[in-house]
Amino acid sequence: MPHLLQDLLILILPAYALLDNQGITILNYWPVTVGLVAGLIMGDMHTAMVIAGTFQLMSLGVAGLGGASVPDYGLATIVGIYLAARTGAGIGTAVAVGLPVGLLAIQFDVVIKLANNFIAHKAQEYAHKKEFNKMRMINWLGPLFFTMKDFIPMVIIITVGPSAVSAVLNVIPKWVTNGLTIAGGMLPVVGIGMLMHYMPTKKYIWAILAGFVFAAYLKLPVFGVAILGLAAAIIIFQQGMAKANKKNAAVAEGVDDSEEGDDYDE
Amino acid sequence: MPHLLQDLLILILPAYALLDNQGITILNYWPVTVGLVAGLIMGDMHTAMVIAGTFQLMSLGVAGLGGASVPDYGLATIVGIYLAARTGAGIGTAVAVGLPVGLLAIQFDVVIKLANNFIAHKAQEYAHKKEFNKMRMINWLGPLFFTMKDFIPMVIIITVGPSAVSAVLNVIPKWVTNGLTIAGGMLPVVGIGMLMHYMPTKKYIWAILAGFVFAAYLKLPVFGVAILGLAAAIIIFQQGMAKANKKNAAVAEGVDDSEEGDDYDE
Amino acid sequence: MPHLLQDLLILILPAYALLDNQGITILNYWPVTVGLVAGLIMGDMHTAMVIAGTFQLMSLGVAGLGGASVPDYGLATIVGIYLAARTGAGIGTAVAVGLPVGLLAIQFDVVIKLANNFIAHKAQEYAHKKEFNKMRMINWLGPLFFTMKDFIPMVIIITVGPSAVSAVLNVIPKWVTNGLTIAGGMLPVVGIGMLMHYMPTKKYIWAILAGFVFAAYLKLPVFGVAILGLAAAIIIFQQGMAKANKKNAAVAEGVDDSEEGDDYDE
Amino acid sequence: MSKEKKQTPVNTPGVLTRKERHSAILRYMTMGVNNFNYETQQGPSVVWAFSKVLRKIYPKDDEYVEALDNHFKYFNTTTAMANIILGATLAMEEKDGIKSKDAVQSLKTSLMGPFAGIGDTIIWVLFPTIMGSIAGYMAVQGNPTGAIAWILFDMLLFWARIKLFDLGYNSGVKLITSLGERLSIFTEATSVMGLTVVGTLIATVVKVYTPLTFMTGKVKLAIQSGILDKIMPALLPALVAYMVYTLLGKKSWTPTKVILLIVVISLVGAFTGLLGVQPQ
Amino acid sequence: MSKEKKQTPVNTPGVLTRKERHSAILRYMTMGVNNFNYETQQGPSVVWAFSKVLRKIYPKDDEYVEALDNHFKYFNTTTAMANIILGATLAMEEKDGIKSKDAVQSLKTSLMGPFAGIGDTIIWVLFPTIMGSIAGYMAVQGNPTGAIAWILFDMLLFWARIKLFDLGYNSGVKLITSLGERLSIFTEATSVMGLTVVGTLIATVVKVYTPLTFMTGKVKLAIQSGILDKIMPALLPALVAYMVYTLLGKKSWTPTKVILLIVVISLVGAFTGLLGVQPQ
Amino acid sequence: MSKEKKQTPVNTPGVLTRKERHSAILRYMTMGVNNFNYETQQGPSVVWAFSKVLRKIYPKDDEYVEALDNHFKYFNTTTAMANIILGATLAMEEKDGIKSKDAVQSLKTSLMGPFAGIGDTIIWVLFPTIMGSIAGYMAVQGNPTGAIAWILFDMLLFWARIKLFDLGYNSGVKLITSLGERLSIFTEATSVMGLTVVGTLIATVVKVYTPLTFMTGKVKLAIQSGILDKIMPALLPALVAYMVYTLLGKKSWTPTKVILLIVVISLVGAFTGLLGVQPQ
């Protein structure tokens, strides 16, 4: 395969795998699967798999749950494999260069999810203006941004070489990367806050309190809390049904006490 | 004491002690108490107590709760004491031969409890046919089966000798004994399932869920769960009473809203 | 400073600091703060602070919560500093003599809190007789007793010397001091028992049961329990309001079902 | 306490004499779990023990059969504690006859769980551990004193268990007298407590364990601890309990069939290695 | 905030001036637990502190005595946190007079537990641990700076505690204004929270421990950890609490008698070795 | 199962064909979290995916916009599990149109938490840990078999996710048919379960950590573990959640402003060292 084609394919690979993993999840974005493809492209499957396997075992248990940002081991793998194939760098070097690129991606991830916020607002604006096509189209910016997240470092690495990465890393002060990581840990609270405004939070604040105590103090996992929540929900349902039946019965008997029920719901 | 009388008494001992322990529990079936009697029978109290004490300390904490099957250390003790007295085997040998017999008994225990099922059905059948005497009599099969459980290995040991035990053990494939042990662990679920059908399970399913979470996740012991259950029961009782009082009051006032209450109870 | 003035001031210091700590808490009664003042009085700040610091680090985490009695490290500190200044005793000796005095104070603390009980009854008696001034005045006995607790050992130490302390300690049998310590651990139950009689304990006994299980079995700290209690309180409040609203609505409609509500409250 | 008082512990004159009642509980104490089966567990034992006194309470055949059927149902608890429950239910049946049927069943089903929890701990775990460690240590030195003491304690316990029955009987009468028509509310409430304990039993008494592992090179993953326990502790017991409960609700499935199914599954599981005995 | 606003924090013109109110809380802050007793604990302290302002609120002798009796009852919480509660109850009494009696009692009894939990942690555990480790370390090197800083912080805290009282006072007025007739429902609900904490207090504050052991040869069994704790943690405290609660409900038993009983039991327990001090 | 049966899984003739429905869920599966934002998270993804089928259900512009607005709201769960929920809500909207709006929202908000708990564990933690350890070990030996197997499993999963959608769709219809007017009670009850999980999320998902320490000589006290955690675990996350919830309730504060505020606080916190990344 000519170098140019290899470069092109390797450039596209992480961007595609990222979108795949965040969507259909068929190739996914774990080191071994993207490493497999990178090995096919670069023509040295053995080296590719060794580098990928190293990153894979490094990343066991890493999961970006609830919108959290995690190191981009897929990108790290591809960078490592590319460098090994092009510069003949040993596996140690390949891993050492790939890793900081993967870590850098955490910052980008936070920035993109912040930027996506504006897309979401724009889309809703279009909806209100009844420009439904635009509403749909603007959403493509999200995937585009995510593409850029992996595309840009790959372009730099392919054109300027690995030394560029450390140069970029040195420019950004530590407190900025740290600050973005902290923000990434805190920001899921916004979604939770929104959610609480859509739900009958004030009426059932006791459910939040109980869930919090069981999780924070007693370390009950979320699924265990959910079962307790289900137990409470069943009681609420039964009581609601009993009240409704009673109201119906009362109506049937000609006594209209509909107000009372409403009062309770306030 | 003539050998024949000793043999006879030692044959009866485990069978009686088992029934005693599962019923009136006066002699009970722990190594030291049956060992005491075995020592009296065999005429060598010192050796008997040493063997019994060894098995006793081995069995500390072993308890067949909820219908679970556990090693039969009482039988093991008697076998050991008998062999020591008859063959002059050392204490080590006596323990080594007694133990597998005690372990084998787990399997028998499972089989008997399965067999007893048929007795129970038969007895209820007789009750329906109003043959009350038969209903009572057939229940003696249970104790009889349990007697056999200890009687049969004892007969073999006394007549054929200890080598017979290992022969029998070698005939039964490992997966059968294992399978019966697994079944013994799982079978209490049938009783629980029956129980759930007698109780208002659907209405108060939340109580099961809560009890499960506290026990499975938070390792709250059954007594702690029972206290929480008591707390819930008190609330249910108070609410039930309030509703009943209200209904009575309403009836007294001439307003018949009896339906509503019934609806709730469904 | 003349010795007599020093003696006088050092005599007053622990008594004042104790009352301060149990009331306005400005000087407080921790080793370093009373040690600071003792150092000023005795004129050797360095030695004073070293002794105080030693006791301070010894007392970390010691807290007399819920009316519990704890070692009197403040008194121990002052005794140590005084002896070091007067007898030139080394820091080790000062600490060794101060500590038992501080421990002895636990017993006195229990006795005073028992004695205060009679003051409380007397005061209430005066209130019923409408002798309000006496009611107020008698309460001064409490602080007076507490003053004595530290005053008496200090007087002995200053007049008779440290050997007196061990003499006194040897006179009291171990089981008496032990017994008072045990009583100190148990006596807060009286307050709790009183409290339960003022609260709707029978109606809400389930809340006590639940609080107990969470604290005793699951080791949930009091604040966590309080949050769960708050959750339950919110539910009770909502249900109470719903019932009240319903009753009002019913009254408005001319149906008087006031009895039912009352029934429930019993 | 005078002799007379002991003989008439309740105001309402009972159908049964004190001797008849004691003979019934002694029968139960003798049979105990000696005819234990996996389906109804101690049910037949209770029937066998109380068949005579119940006959006296229910002279009519139909009512008698109904009452027997009630007791044939699942019952299981520490036998010592069962005495309290059976004392109470006997009092209820003696006073209200077949009308008490549901209340009797409800009291039994709701109390047996919590009672087993406390009873088993004391009777089957703590007491034998204490006596066993003392008597066992004496025995290995050839000293039978501990064993003899144990038997004496057992006799004391035997006496205490009869007292527990009397306690239950007297409380039972008090209970129904004071609760009156509220008994159904009371039994419903106790059911809630019982069901809470049922949830615990599923998580602790039922044991289902798979020894399966994924293994490749140096990487080994135990299905039980690595996957199932992480989804939910006691996941398999919960699933089995749900399955059994559902099957038992079907017309086509009798408890016997369910038991056979479990035995077959266990044997197949042991043969294939899908199921195993949980290592302690 | 202007001076004027500070002086009239509520719309309803109060009976008491700001100065009178502050003098009352300063009295409480001075007495604190200096007349603490095991029965009513800080009750007499509150009475002593508020006797003057209450006199002004209740000019009628009978009402005054009734109000005093109310405050003579058991009260105990971190003194700093008590300021909030006492601010609120003063506002309630000022506005509604003797009618507020039950609500006042209820608010006190239900809030004191939770407030003690958070207050003790911060005021008596965390703050002295931080200051003590810093100042203690400086002190052993002969440096009094930490000790001086501690006193300065205490002054700050003193000021903050007065603010907490004001906060309670203002909230208290708001509370009764907004809740109106619903106050009784509110206080009942807070009681539930209070009782939950009472359950915790029994398990944690009350200490009853037996050092008894069964011992024979090399086998040793501690009654406390080997038996009692296995039946139920905090079993003895729970039993003692139940016993004390029952005794206090009897006409023949006064709190004083109960206290004496406990002292006697403790002494006898210590003498015989049945009771002991729990090793940390 | 016959082809025909598959195509008409419900009795009520739907507005949408099976193909249209599947095209909608495929759109969602493609977008997934590719346009994830911190405010409404997967909300826009759902809108983008379902805009076409919703257009068909709501021919009137106003209703369409209303329905879209409903879906623009916060939504987040494991994408595989979302398929069940979105299947159910699509069925509801198809049947009841805009009347189902509140029920749809309620179902989404209450189920997404519990579903994320179980879904994330299986899809993002357990599955990749198993496959990753196997395939990773093979890979370091130069063997790509594990990687290939992983991709094949992913394909299987892809198919299963579509089945989950169908399951949700069919259940959804059953749900509304059987619940009828009780749907509002049902959704209120599920909200309770959802809110319980919200309490858990605050304690576990939101991360706020301060690396501050008091230090003097050899004494060192970490503010986080020594003070904050002792007052209450997850104290800072709880305070931040309360603050954010309050701000979001104010007219003057949009979510965007809140997000910016958090970013600024994080940067300032990182700069000053007040905030940090919690060490694992």
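Per-chain residue numbering starts at 1, and chain names A, B, C, D, E and F are given in the order in which the chains are listed.
Here is the rule we go by: a residue touches a chain if its C-beta (ideal position, glycine included) is under 8 Å from a C-beta of that chain, and two chains touch if they have at least 3 such contacts.
The chain list, named the UniProt way, goes like this: A, B, C = Phosphotransferase system; D, E, F = PTS system, IID component.
As the structure is a computational prediction, the values presented were derived from the model and not from experiment.
**Student:** In how few steps can one go from subunit B to subunit E if every step must land on a touching chain?
**Tutor:** Between subunit B and subunit E, the shortest chain-hopping route counts 1.
**Student:** Hop distance check: subunit A to subunit E, minimum number of steps through touching chains?
**Tutor:** Minimum step count, subunit A to subunit E: 2.
**Student:** Any chains in contact with both subunit E and subunit F?
**Tutor:** Chains in contact with subunit E as well as subunit F: C, D.
**Student:** I'd like to know which pair from A-D, A-F or B-E copies the C-E interface, where a copy means over half of the contact pairs are the same by residue number.
**Tutor:** Duplicate interface of C-E: A-F.
**Student:** Compare the two sides of the subunit D and subunit F interface and say whether they are made mostly of the same residue numbers, over half shared, or of different ones.
**Tutor:** Under half of the interface numbering overlaps between copies: different.
**Student:** Weigh C-E against A-D on C-beta contact pairs and write down the one with more.
**Tutor:** Taking the two pairs in turn, the one with more contacts turns out to be C-E.
**Student:** Can you work out the whole-Å distance between the CA centroids of subunit A and subunit B?
**Tutor:** So the centre of subunit A lies 53 Å away from the centre of subunit B.
**Student:** With chain centres taken as the means of their Cα atoms, state the distance from subunit B to subunit D in Å.
**Tutor:** 10
**Student:** For subunit A, write out the residues touching at least two other chains, lowest number first.
**Tutor:** Residue numbers touching two or more other chains: 205, 207, 209-210, 212-213, 216-218, 220-221, 223-224, 228, 230, 232, 234, 255.
**Student:** Which parts of subunit E, given as residue numbers and ranges, touch two or more other chains?
**Tutor:** If we look for residues of subunit E contacting two or more partner chains, we find 118, 121, 125, 129, 133, 136-138, 141, 146, 231-232.
**Student:** Among all the chains shown, which pairs meet the touch rule set out at the top?
**Tutor:** Pairs of chains that touch one another: A-B, A-C, A-D, A-F, B-C, B-D, B-E, C-E, C-F, D-E, D-F, E-F.
**Student:** Across the complex, what residues on subunit C touch subunit E?
**Tutor:** The contact residues of subunit C facing subunit E are 19, 22-28, 30-33, 35-36, 39, 45-46, 49-50, 52-54, 56-57, 59-61, 63-68, 113-114, 116-121, 123-124, 127-128, 130, 132, 135-136, 139, 141-143, 146, 175-176, 178-183, 185-201, 204-205, 207-217, 220-223, 225-226, 228-230, 232-234, 236-237, 240-241, 244.
**Student:** So in the complex, the part of subunit A that touches subunit B is made up of which residues?
**Tutor:** Counting only subunit A, the residues touching subunit B are 218, 220-221, 224, 227-228, 230-232, 234-235, 238, 242, 245-246, 249-250, 253, 255.
**Student:** Mind pulling up the subunit F residues that touch subunit D in the complex?
**Tutor:** 118, 121-122, 125-126, 129-130, 133-134, 136-138, 141, 146
**Student:** Which of the residues in subunit B come into contact with subunit A in the complex?
**Tutor:** 203, 205-207, 209-210, 212-213, 216-218, 255, 257, 259-260, 263-264
**Student:** Under the touch definition given earlier, write down the residues of subunit F that touch subunit E in their complex.
**Tutor:** Within the complex, subunit F contacts subunit E at residues 214, 216-219, 221, 226-227, 230-231.
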